Amino acid sequence: MSQTTAASSTAPDGVPDELRAVVDRLKTEVAALHAELPRNALVVWTAGNVSARVPGADLMVIKPSGVSYDDLTPEAMVVCDLDGTLVEGDRKPSSDTAAHAYVYRHMPEIGGVVHTHSDYATAWSARREPIPCVLTMMADEFGGEIPVGPFALIGDDSIGQGIVETLRASRSRAVLMANHGPFTIGASAREAVKAAVMLEDVARTVHFARQLGTPVPMEQADIDRLYDRYQNVYGQ
Amino acid sequence: MSQTTAASSTAPDGVPDELRAVVDRLKTEVAALHAELPRNALVVWTAGNVSARVPGADLMVIKPSGVSYDDLTPEAMVVCDLDGTLVEGDRKPSSDTAAHAYVYRHMPEIGGVVHTHSDYATAWSARREPIPCVLTMMADEFGGEIPVGPFALIGDDSIGQGIVETLRASRSRAVLMANHGPFTIGASAREAVKAAVMLEDVARTVHFARQLGTPVPMEQADIDRLYDRYQNVYGQ
Amino acid sequence: MSQTTAASSTAPDGVPDELRAVVDRLKTEVAALHAELPRNALVVWTAGNVSARVPGADLMVIKPSGVSYDDLTPEAMVVCDLDGTLVEGDRKPSSDTAAHAYVYRHMPEIGGVVHTHSDYATAWSARREPIPCVLTMMADEFGGEIPVGPFALIGDDSIGQGIVETLRASRSRAVLMANHGPFTIGASAREAVKAAVMLEDVARTVHFARQLGTPVPMEQADIDRLYDRYQNVYGQ
Amino acid sequence: MSQTTAASSTAPDGVPDELRAVVDRLKTEVAALHAELPRNALVVWTAGNVSARVPGADLMVIKPSGVSYDDLTPEAMVVCDLDGTLVEGDRKPSSDTAAHAYVYRHMPEIGGVVHTHSDYATAWSARREPIPCVLTMMADEFGGEIPVGPFALIGDDSIGQGIVETLRASRSRAVLMANHGPFTIGASAREAVKAAVMLEDVARTVHFARQLGTPVPMEQADIDRLYDRYQNVYGQ
């Protein structure tokens, strides 16, 4: 899990010509996906960020730091290598870039990462309490409870390590980082955004259910059946 | 209640010519009604679905599976028979098609069905707790408490059976399926969407009322009077 | 307080010519004010209604019954006399017309009435609990607590009587009708809509305050000072 | 802290010619920032106000009193001196002008002030309870808990004094005035609006966290590290 393993494949001279088309397509896609965050009430002001891995390269497309959601055009997106070094773009990358980069270095099957401070998910994070799986929609989407990751400060690989270790021990595509907020992953950036939207929805519904009593637990066998079916059958 | 009763009238060769105009009109109506779901905050991402029975045929118009609400044009809607077999459309029908089909086969007076995971209604579902009738608006619209249906897995007729059995034992046009979410019915798809919107509104208001104490119960005779009046007098 | 006192001044032959301009202006204003109800999340579907008294006549402009907020054009508004009889319009007047009419007959200083089922205000109504005055904004706007009116069924003057009796015993321009929802009044329809918006805002804020403890009460003398100042000084 | 210190530099003859360009730019900016208040659900109706100090002069640009958010064009903004006397504009300045003016007179480093009654922050205000710092986002943005200011009536310098004394004793850029609501400050009006948005977000998230238990406290050393980093590193 050392940072140097991945560092050998950085692209210090910018985006290679043969990746230009795919990088431009991802910038458009990542910019559009950022619009889903305020639309689904997952972020305020400039908080939150989406990234996409550039397939076949040690690069990712990510949001610049501290920029308004109104200004998140494809051109504003930046490209970093998987150590988080800026490769292309006029602005500093998101302050959460190191955590995204760590996930891409250590989870090769992952194509997208999302971080928000969505309110209900973050409330569970503040109590360091996993969200119990009491809804068929949670079983479908997350295959069980939403786990809590460790408390970790920004500035080194602590957050990235906490995300990867927690998600490897779970079927969930979402982790609640303690006193911080959720990170979600997916095969693509779109799948990671979907997970962020669904996470906040179930965090909110289970919060409501718990406010007036105790939700009825679901059998593990039922959770397993729903998860298997949804991962294999749903959608087009 | 066997599936084969209805199966004899499927239309394996597509929509008959004499139904073309009515099916196209229903596709337009069902597409427009889907826009009411996110507008009223009843769904996130691709969750939730509306269907309409094709009058005079064993057919229904329903949402395709896993498609964004932004892409729900009339052309995207699919037609199924009342066993849930695709009759017309480029995409798979909603994964909840079997439940809609079961309702149409067993409740001939019903012209529309809606399923959502709207948050407050689903929170009551997760506790398997009926919503008590403590508002005049609930008496008007639902004639009493909102009942809870059984826990049922997707994949066979269990969900459909649970909906029909619960609604037949109640005046309510809404049922809270355990750990899952609400289904609503109506004489038309529009009436079923109205019921879904009103259900979430009363689920939320009674949730708020209960958070700070105990709502004052209403007399059954008053509930009956309000229900009778509203069903017979209200609207144009 | 009998209905016949006012009934002598109805206009069975339609809107008199000399009132045409003012009635048309009020239809435009009342239609526009209805848009404030969904915009401020006070209503769902077709619930809720706004009316305006026609100055110098025993007439009011009000919403038709069961019509979508998207279709509330000036032309759709109807005119009734102060017994609630339709004087002009293609549709039935709101099912709450009798309550509006009663208020206009018995409170000659009132120019506008609004009824909603806004969720937080209605939650207090369901518990039949007044909203305590613990915010400077409540003191400014309502001069004290928001009172609860009696439980009353639709169909005669019971609701109107309950509104008028409760508001006459209070400085508040809003009343929480038991198990039903709020009615607000004002010198104009716009003022009544403002009161409906402010009511839901304070109902929500005090709900939140009470969820985690006990709001600190305000001194009656401070409430009085704020109310006097706001009623005399604020605005243009 | 007397009002007369600043009063000597008023501009009774209007905006000086050499400040015309900067004042017009600030009117445009302050008008645009007001749109962020309803967009972020911080205000209803005409409540809430934003002001900006005119650099190099004892003047500020502020919202007029009692005007709808739809009508807040640059031309509608008014200019006051730092005693709150109207210097330019067709309408009365906001009823909270005296509090804004007091902050500018006594905190020379401050360029913008915002006041709202945003619901969650105001709920903490009504209980006179500081918001504990249990989120990394709070540590980043506010450097610790959000403090409560005294109960103060409008009409003299009491509110301004309460704001300044409370904020001077804290790293927070937000104060919860007792039974009233929040005021936020910033180096610019935009920074003060950002603080108002972030405040409501953390007020809401910590409210949710507290509803189902006790958030896990953060170490003071961690709060300090996050605050130092965010104030020095974040953004472009």
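Letters are used for the chains, namely A, B, C and D, taken in the order the chains are written, and counting of residues starts over at 1 for each.
Rule of thumb we're sticking to: a contact is a pair of C-beta atoms (placed from the backbone, for glycine too) under 8 Å apart; a residue touches a chain by one contact, two chains touch by 3 or more.
Because the structure is a prediction, the values reported are computed rather than measured.
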Handout entry: Each chain counted as touching subunit B and subunit D at once
Key = A, C
Handout entry: Furthest chain, CA centroid comparison against subunit A
Key = C
Handout entry: Inter-copy rotation, subunit A to subunit B, in degrees (Cα atoms; steps of 5)
Key = 90
Problem - Interface residue overlap between copies subunit B and subunit C, same or different (over half shared) - result: different
Handout entry: For subunit A paired with subunit D, centre-to-centre distance based on mean C-alpha positions, whole Å
Key = 33
Fill in the blank from the handout: Per the C-alpha centroid definition, the whole-Å distance linking subunit A and subunit C comes out as 47
Fill in the blank from the handout: Flagged in subunit B as touching 2+ other chains are 211
Problem - Interchain pairs in contact, sorted by label - result: A-B, A-D, B-C, C-D
Practice task
Would you tell me which residues of subunit C are touching subunit B in their complex?
Solution key: 44-47, 64-67, 91-92, 95, 117, 119-120, 122-124, 126-129, 151, 153-155, 178-181, 207, 210-211
Handout entry: Contact set on subunit C toward subunit D in their complex
Key = 40, 134-137, 194, 197-198, 200-201, 204-206, 208-209, 211-216, 218, 222, 225-226, 229, 233-236
